[in-house]
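This report concerns only the one structure given below.
Letters are used for the chains, namely A, B, C and D, taken in the order the chains are written, and counting of residues starts over at 1 for each.
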Amino acid sequence: MKIAVIGAKGRMGQAMSAGVEQTDGLELVAQLDAGDEITTESLNGAEVAIEFTRPDSTLKNTLAVIGAGVHCVVGTTGWTDEGLDQVRELLETKPGVGAIIAPNYALSAVLAMSFAKKAAAYFESAEVIELHHPNKVDAPSGTALTTAKGIAQARREAGLGPMPDATETDPGGARGANIDGVHVHAVRLRGLTAHEEIVFGNPGEQFTIRTDSFDRESFFPGVLLAVREVSGRPGLTYGLDQLMDI
Amino acid sequence: MKIAVIGAKGRMGQAMSAGVEQTDGLELVAQLDAGDEITTESLNGAEVAIEFTRPDSTLKNTLAVIGAGVHCVVGTTGWTDEGLDQVRELLETKPGVGAIIAPNYALSAVLAMSFAKKAAAYFESAEVIELHHPNKVDAPSGTALTTAKGIAQARREAGLGPMPDATETDPGGARGANIDGVHVHAVRLRGLTAHEEIVFGNPGEQFTIRTDSFDRESFFPGVLLAVREVSGRPGLTYGLDQLMDI
Amino acid sequence: MKIAVIGAKGRMGQAMSAGVEQTDGLELVAQLDAGDEITTESLNGAEVAIEFTRPDSTLKNTLAVIGAGVHCVVGTTGWTDEGLDQVRELLETKPGVGAIIAPNYALSAVLAMSFAKKAAAYFESAEVIELHHPNKVDAPSGTALTTAKGIAQARREAGLGPMPDATETDPGGARGANIDGVHVHAVRLRGLTAHEEIVFGNPGEQFTIRTDSFDRESFFPGVLLAVREVSGRPGLTYGLDQLMDI
Amino acid sequence: MKIAVIGAKGRMGQAMSAGVEQTDGLELVAQLDAGDEITTESLNGAEVAIEFTRPDSTLKNTLAVIGAGVHCVVGTTGWTDEGLDQVRELLETKPGVGAIIAPNYALSAVLAMSFAKKAAAYFESAEVIELHHPNKVDAPSGTALTTAKGIAQARREAGLGPMPDATETDPGGARGANIDGVHVHAVRLRGLTAHEEIVFGNPGEQFTIRTDSFDRESFFPGVLLAVREVSGRPGLTYGLDQLMDI
């Protein structure tokens, strides 16, 4: 399968290009970056384009790829509902062309979020601990926020009330952030990359889901899954979990 | 809801009786044990019977409960296909009566096995580490065996080949047991009860599912789930995962 | 060795009595509780008394044991400097008699605190995560506070500056409590007892010390160590780490 | 402080050069590799040389550095007692010159081994789980072997007998390798680098020490410690733990 990488000079784009070159059955036929026009010619016969650029250019790039009749796998974040609608509309005019846009291509993170939502209905207690490198400017991580909200929603749908918590005194805020009733803790530690641990508790038992991302190459298996699936899924698919049998 | 406990003097039965008494909406109306006959009278108006006895008496008990027109939740292990068939046949003559038989009522263990099978298709590597108290006579645990076989089957169905493993020298057998291609490790440690950790790996990422059972009261939430579901599920249901939205 | 247990009807006292009875070489000769006078007669020939009572009675009990010429191992918390001084003074009049008073007899917790202080000088980052049952009223735990302060002091003595932390936005307080510059996180989860994880980070590496207390019987090995050492240590010894070769 | 790196083109040497350049107070004045002669001139005024080469050249390199009157920090493995003796003899003729040779510069691994030996005397049970990338050819790892032997020796010195283990049936060898009575388990997982978990157990409690090495840059803090200490330690120092207050 012939592949183009868009955003090829960026760190993710470089990792994707390397991944494509090391994968049997994939051929890297185009590497485009800012300043390169995205056309049938510049895509050079690619059947699928992998797009990892920036929030302010991903919509334009994606529309250009689809306009050229090429399937598109998009890893750039920051999509708005309006942007997704524009992609859907364009895809309606291009029968057979597919686009997969996902906020996270790390398989373990996608599995963790999906499993956490499923497990949440069955436990009295649930908390989220995320651990990242100390250069991160925001706490908690977006993944932890999404995880906590998913747990909270699953608990509501299951008719569960508030979690047990007898805390009366916590002068320093050790109990962390309360996201829709789910406590979230953020650790910052030199040497780490991106990690999340979700803990559930019932009388006499604990259940834990953990995901460790050590390196940005961890996104490639998820991108590869999308690359292999996209031609069989015309229209827009949002979220990697849609491709997974979970 | 009125509940009978069968095997009420055993350790599990005692835990179940205590659980029933502590749960709003449940009423313990009968506690039977070896020597007590199971009849409409001795069941004393129970709507559901919880059966935790021994492999050599569970079939007879279960048939007696169903024969009395009472729903049955069975936690005793050691069921044969023939035994299950006998239960199915009797249930056909008792429309509206349900029986739930499950090899494991620990919710976290049931979730772990289910999620491990789902995750297995998406990772290059997977291994199982089980940790138990040092009085356990067999290694690995039955749960770890089942987990490993489930992972192996999921990998086959996904078309995955053998896991990467360059080991050439391992004089002492540190790589553990190889169960259908999945390495299983058994730790025995004073202070532990029953724990299982399932680790998955891809380039740049790790995914971990862990279950810790600290106490036999950890079976009660699963039994409670079955008690609440059994009246709505006529016939035989095998396995707690059948009741769960996972 | 002949042993008396003081506070024998309390939960810790019962666990201690059970531990003594199950240990070869120890003989339980007296079990005293509130209302029993502590005298040479009531101690019934004991060589060592184990005292687990309440903060408001431990000083009086300890002085009475020492006054009777019996070695004393004290597990009750809440000691003041004045109380310790009274014990020291009385011991000076009883040459050969020893007393060991310690705030924590869980060996793993004592080791964790000691090792954490030693390790702290060698890492850029360190944080503490404590996890407890949800009935706990205060956060963070006293052990976590002591651990964090120990780490902070060791860092100061090693001339280390603040830990790296680029956090700019943390609207919900996910970064937890800041104890002398060490972030402390408190998790409350049904099913847990008392657990602490101390994480250290340097470029490319993480170091973790974890202690899990599942049951109050976890105090017995530490008490046993003290019982065996106390007769060889006249005067007052404060803290279990003083008995350990760490 | 002026630093030379010997073996500068190797992967470790490159990491060391990068580390030196990024550290305030260090200046990289020479980068030598195979083919370069090690002389006062080629060392170019270096006060300390960092040597990461190969087992068959490290002795010659180290003697040459010392011969030039320069302190030496050696990270190459494979040293024999005879080699160490030759270094000691040469150092006797060079008063004030120091050499530090260590089999492991990862601070967390050095701490883990030291703490494991100290903790071993206080627990009934201890096992070692090492986890590595799947390209590793030997199992268990050298670090795990050393750790297990250290634990076994500490137990003997403390007069502890065999660990509790009721295992009767283990057809596949799930209990792993038995190293002097300490069970060692080796996990191989894509995505991992080098990790070790040491678990200790007593009634009611578990104690865990874990070290994760994600990247070879994890050796630099240990090398830096040696570089700063070597000028104050004339003669040969073997093992990083000798420099640490642990």
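In this section, a contact is a pair of C-beta atoms (placed from the backbone, for glycine too) under 8 Å apart; a residue touches a chain by one contact, two chains touch by 3 or more.
Owing to the predicted nature of the structure, the values given are computational and were not obtained by experimental measurement.
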Between the pairs A-D and B-D, the one where more C-beta pairs touch:
B-D
Over half of the interface residue numbers used by both chain C and chain D, so same, or under half, so different?
same
Between the Cα centroids of chain A and chain D the separation in whole angstrom comes to 38
Could you put a whole-Å number on the gap between the CA centroids of chain C and chain D?
33
In whole angstrom, what separates the CA-based centres of chain B and chain D?
45
Chain D: positions in contact with at least two other chains:
123, 191, 200, 202-206, 212, 214, 218
Chain-level touch network, classified as line, ring, star, complete or other:
complete
Residues of chain C touching chain B in their complex?
191, 193, 212, 214, 218
Give every residue of chain B touching chain A within the complex, in rising order.
106-108, 111-112, 115, 118-119, 121-123, 200, 202-221, 225, 244-246
Partner chain A, residues of chain C touching it in the complex:
123-127, 129-131, 134-140, 144, 163-179, 183-192, 199-206
